[in-house]
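Each of the two complexes below includes subunit A, the first together with subunit B, the second together with subunit C.
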Partner chain A sequence: MSVRRSGARAPHPIIKLLVQRVALGVVTLCVVSVVIFAATQALPGNAAVAILGHSATPAALHALERQLHLNRSVFAQYGSWISGVVSGHSGTSLVNGMPVWSIVGPAAANSAVLVGLSGVIGTVVGVTLGAVVALRKDSLLDHVSSVVALAVTALPEFVVAIAMIILFATVVWDVLPAVSMVPPGTQAWAEPRELILPVATLAIVIVPYIFRMTRAATVEALASDYAEMARLKGLPTWRVLAVHALPNAIAPVVQVIGLSFLYLAGGIVVVEFVFAFPGIGSSLVSAVSNRDVPTIQLLVLVLAGFYVFVNIVTDVVALLVTPRRRLPR
Partner chain B sequence: MSTTSSPNQDGDSNSPGRSVDRRTFLRTALAGGAAVAAGGLLDVWTPGLSLAGASPLARASALRSQAKRTGGNLNVGLTGGGSSDTLNPFYGGISAIGTARAQQLYQPLVQLSNQAQLQYVLAEEIVPNGSTANWLIRCRPGVTFHNGKPFGADDVIYTLQTILNPKDPLGGALVLSPVDIKGLKKVDDLTVEVPMTSPFGSFPEQLASFWYFLYIAPDGWTQKDKPNGTGPFMYESFTPGQRSVFVRNKNYWKPGLPYLGSVTILDFQDPTAVENALVSKVIDCTGQLSGTQMQILQKTPGIVAIPSRTGSIEPFTMRVDKPPFNDVNVRQAFRYLINRPEFIATTLDGFGTLAADVTSPYDPDFDQSLHRDQDIDLAKHLLAKAGYGSGLTVTLYTSLAINSSALNMATVFKQQASAVGVTVNINQVSAGDFFGPNYYTKVPFSQIYYDYSPYLGQVAQTFLPTSPFQETHFNDPKYTSLYYQANKTQNAAVRKEIEYEMQMIDFNQGGYIIPCFVDSLDAYSSNLTGYQTGKVGEPLGNFNFEDYSFLS
Partner chain C sequence: MAIVTATGSGPARPTVRRRRAWVAVLLRAASLPRGRFGLGVVGFIVAIAVLGPFLAPHSATASIVSPFALPSRGALLGGDELGRDVLSRVLGGGWVLLAMAAAATALGVVIGSASGVAAAYLRGRWDTVIMRTVDVVLAFPQLVFALLLVSILGPTVWLTVLAVGFSHAPQVARVMRSAALDVSERDFVKAVELLGVRRRKIMAKEILPNLISPLMVETGLRMTYSIVIIAGLSFLGFGQAPPAPNWGTMINENRIGLVLNPWGVIVPAALIALLTIGVNTWTDAVARVAIGIDREAETATLLELPAVGGER
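And then the complex of A and B:
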């Protein structure tokens, strides 16, 4: 017992978790930077070939490679890049000479708006639907919604995106813009109409997962002894659900929500492509096709950072909503 | 372990500030979430309401009621750009979207018109000065750059010297190799004397054929300076890979032009997104469409979709110095095995015209009598003569870097070649590699594309031992000497005769297989007027937006 008591003065479990995860995250990012650099070196061609295209004569290629310092060794290129990042200079793009941050910053902000809005809307809709359907287990609503959710899960996001465009922008009703081209220098939310279709697409893609997990977890919680007790006490159904069942069902749902955010961070590449949305996904596609190594590096670091961040947040939240996991065992 | 003395439970009840229990956390999170959501909604929807009058639809209808024939913003959507987009005039020809931008800001001395003929722009005339080894460029008077500086001989000399800089030759240098860079002389403010190291009778048309690499920059301009040209629109803003905005040049030297108040050129990555943007009126016009898209847009109300017959080519290239193509019988067999009408129907949805393996159909010196039909028996006979009667296997290197129809064309060729016992293995090279040092002009059998060019210009690019783009490594002493003779003579009839002879050599021995000339497919909103079809292959009628205006 005395051992346990001394444990009480040890760092709070959440702080301990945070410290561990942040340290691991930093290591992850370092590894990612090396892997990405190696991957860009394995890509065929280079920025000079990409810039010159059909007009790439050997003389012009040679001149441009010299100008872009592509003739230096791989280690020298990586070294100058990583030392720049550490000292706060993200470097300049190989293909247009702009500071890399001026490309990545606005793109990341636009994508963050897209991911944030879709994630929040998808979560609210998914959890609400799941909880409501759990109350009506085995009803017609339950069966229909389960089948629909399963069907939607099977649809890749570009199919959903194209269906949305056909429905709301081109063929059936011409009420929303088919593309979401946020002008440079303005914020993504300045033109809310342009956000509707991409956000709806991403939300539709994640809702089924959150919905099904919430439903399953809530059904289980509602079948438990404490929920039964609450009902026997005469509590109204909404109170049994909101106060007793949902809080106990939320832990697995939090994990699914975290996974959904991670999925969104990858899923935006396709959605940004279809809607011509100037975010991190389309920047990455463009940077890769141009072999713009410094831009690729920073974009991937930002994405990797987001993954690390969401994982930490998910774990902390899961810990917060599961009191028994905080107990020393 | 006893749970009654759990330190956490103590912490829970005694010092809520030190620890967070689930109830507090959920409550806080919900309250915070609600606040954020409410704030978010306000943020999102309040401007939405106030901007309701400025939505794209409302803007479009306002435009219709206000604008007569001047003013308005033209939204142009094109693919093919990316973060390497540039407004550098010397790189204007690297991509179609790059040319679309450069064509608004800058102007060349001469260019090809939409009829694919030589058209003077900043030059009033370019004439031989005694012989074809010395030329005079007379500049158009009364032209000013966007910053007010008058255009003249100094700008022409500066531009030519920058492009031909031996340490860093730019795209335009490819057609100017005979120019004696050190001998450029300013005769007066508006006249430049251009001596050549060898006779260069096709100088004006070669300037015109590569005009998008030969835009005139003001004397002393460098990449760090603001874009400054003589074109119909002036620089306002530019974000590589996204959009550029150019506004009307009030001092444009063509009176009354341009009509539009501004031109916005938008980058797209996905061809389908461009099509959707046109249908939902986000953009007013686009080019580079596929045959399938064209057929859909031709049926869409409010959209005009027009194919332009052009002289653009997408040839298969055979290295005449490598087996099996070093045998002319194999080259001719490959040319005879193609069913050209079927090739056009399947690879281009019918949007092309027949070709006979010779380039430059709109050149006044083009031999219109050249024609080639499929002849399977002859192809088999030629292959047998070359020793491949029992079959031949070749590898065709293709890539999406060439263009989107390259792979289709390769596949159809493969299928048609099987009829004469030729097995074609298709090797698809990644887009990033194709124009690099190991493919393109190195492999024995490949593909490439060119916009229309007058005949001698095309020859200089591709079929001479000194050409920059030697896909075929064609090196025929007689042919080369004919090229130089054609450049020496000042007699048009003699020159035509020489060019006919060269084209006959192309037809009978050349390394290109050109099954067809490829249409350029454009579409625009029916509210737009001033569009012209173009024979060069540059989309949207050479991007001549100075002629465009809105109907109402």
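And then the complex of A and C:
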């Protein structure tokens, strides 16, 4: 009783962590927005010249300077940019004159589908493989999978993507589309066939991390006294694994799943470019090659926001699955 | 994110013996099967990249066959999008990638360890400033950060090296700081402090030599990522200017002709894959010897090492 009462007075550790992390995340995002802005727009020299090149006519330069508000002070420029981002009017693209949010919004939705699907599939495959291999420690399967995982970990995602295209979309079997032909305006999930290869590529890239961590943590848990005890009681192997070992092995696995989602946020840049998938990553590549500053700024900010969000979720989930760290101290 | 175990633990040893221990670690790593494999593969690719330009049968920029021609006696791996010899471009397209990756790694490791050791040893305001900067940079995917820098600086070779090197620094700083925290508290550091040795000298001559193990592992990891990111940037079209041969650029140039002549894509992709696998396998061998990762107790180390944690 006394424990419960003291717990009621102090804020619950999860709430406390959540508040701390959200506050820290907002601060980080503010600093990040300053960095993005400073890097892209307020650089020494003239951003208009940088965008249009040195051969631009003075009239064009003036027009662009007005569009980017370069004739105002740096702080005023930042202020109008950030208030625009928050209210959903962060300028227009320098390439096609469309509002930046109308480009970034649908792209973000498509990328979210891509990241969500590959993250979930990668997690399920990685955790299952890791747990199965942990049960067969030091078998041939264990050694082979450890070597394969080490090799796949090192592969750049564009090499995996190209291998998928060679295998399934061109040279070997020509059964799946090599590029996503999602018509503008439609959403990615309307064309499931277009999603298969990008999702498979991203899942392959993250599986080894999740697999290795699950294996290591499960092996550790299976070697513990309580797992030994459960086995001696005559429990079936699957029960020892699912009820006794896995719940204790899950905290570090959650951390690695979180890292994998962060990694996916970078991985989509290359993978979306390869498959011409209309998401954040391919938009960023074309915005960078067109020097479309307003679009670059918003895309990078959205990615940074995703990073901060995933970090918070990971910390909270890791705490939720570790009951001993949850007790109020 | 980085749950940190004692990386640099073990008794403090005098600098001279440390230096020999560092060679011993590399020799022992090279005697492991995976170390030998990694070294062999890396050696093979480096040989192709370095000797290649001298062995190329044709000019890397001259059109000699029809676009995407199949392999023939004149062009053993066929032609690329402009009918240039794929073999010659493969032989000529590796050394710039390798040199850029090595330079970016060196830059990232130097900046990262300097700031990590400084944060751990100086503490206080320095620690706060350095680590908060690290947090901000780590709020982007590394490729996106490099891409952002390239979009500002422009896609020239040296600026790309600077961008990638700089994007490595925060992660290196984090690892080195956590390793240096432990060393900074040791008695021999306190002893030289009492002798009145300057702080910069203490960091360089007393603390850094005791961080050789994590430094070696970190360098290997950063080399893998440098290759991945630099090849990736050239693949995305932000590498060397077009006529120059480059494995990353070649994959992108020739993938439209994948059905006609797949070798223009397969060979450079396979070489990049072998290179990263080789470097990563070698780094794994070094980590096993230097930090003593036991396959049974690798949980903590897996979390600590971003290579296996997947944070790029």
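The rule we apply is simple: the second predicted complex is superposed on the first by the 279 of 329 C-alpha atoms of A that agree within 3 Å, B and C clash if a C-alpha of one lies under 4 Å from a C-alpha of the other, contacts with A are read in each partner's own complex, and residues count from 1 in each chain.
The rule is simple: a residue touches a chain if its C-beta (ideal position, glycine included) is under 8 Å from a C-beta of that chain, and two chains touch if they have at least 3 such contacts.
These numbers were taken from a predicted model, which means no experiment stands behind them.
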Partner chain in contact with A:165 - subunit B first, subunit C second, else both or neither: both
Subunit B versus subunit C as contact partner of A:79, first or second or both or neither: neither
Which superposed partner A:273 touches (first subunit B, second subunit C, both, neither): both
Which superposed partner A:220 touches (first subunit B, second subunit C, both, neither): second
Which superposed partner A:96 touches (first subunit B, second subunit C, both, neither): first
Touched partner set for A:291, first subunit B, second subunit C, both or neither: both
Touched subunit A residues, subunit B compared with subunit C: B
Which superposed partner A:236 touches (first subunit B, second subunit C, both, neither): neither
Touched partner set for A:151, first subunit B, second subunit C, both or neither: second
Footprint overlap on subunit A, comparing subunit B with subunit C: 43, 162, 165, 170, 178, 273, 285, 289, 291
Touch list for subunit C against partner subunit A, complex: 1, 3, 34, 132, 135-136, 138-144, 147-152, 224, 227-228, 231-232, 235-238, 248, 251, 255, 258-259, 262, 265-266, 269, 272-273, 276-277, 279-281, 284, 295-299, 302-303, 306-312
Subunit A-facing residues of subunit B, complex: 1-3, 5-8, 10, 18-23, 25-26, 33, 37, 40, 43-45, 47-48, 51, 55-56, 82-86, 93-95, 167-171, 174, 213, 223, 237, 239-243, 266, 268-270, 272-273, 276-277, 279-282, 401, 430-437, 440, 448-449, 468-469
Of all residues in subunit A, those that touch subunit C in their complex: 28-29, 31-32, 35-36, 39-40, 43, 146-147, 150-151, 153-159, 162-163, 165-166, 170-171, 178, 206, 209, 212-213, 216-217, 219-220, 223, 252, 255-256, 258-260, 262-263, 265-267, 269-270, 273, 284-285, 288-289, 291, 296, 300, 303-304, 307-308, 311
Subunit B-facing residues of subunit A, complex: 1, 4-5, 7-8, 12, 14, 43-47, 49-61, 63, 67, 93, 95-98, 103, 117, 120, 124, 162, 165, 169-170, 174, 176-179, 181, 183-185, 189-193, 195, 247, 250, 273-276, 278, 282-283, 285-287, 289-292, 295, 317, 320-323, 326-329
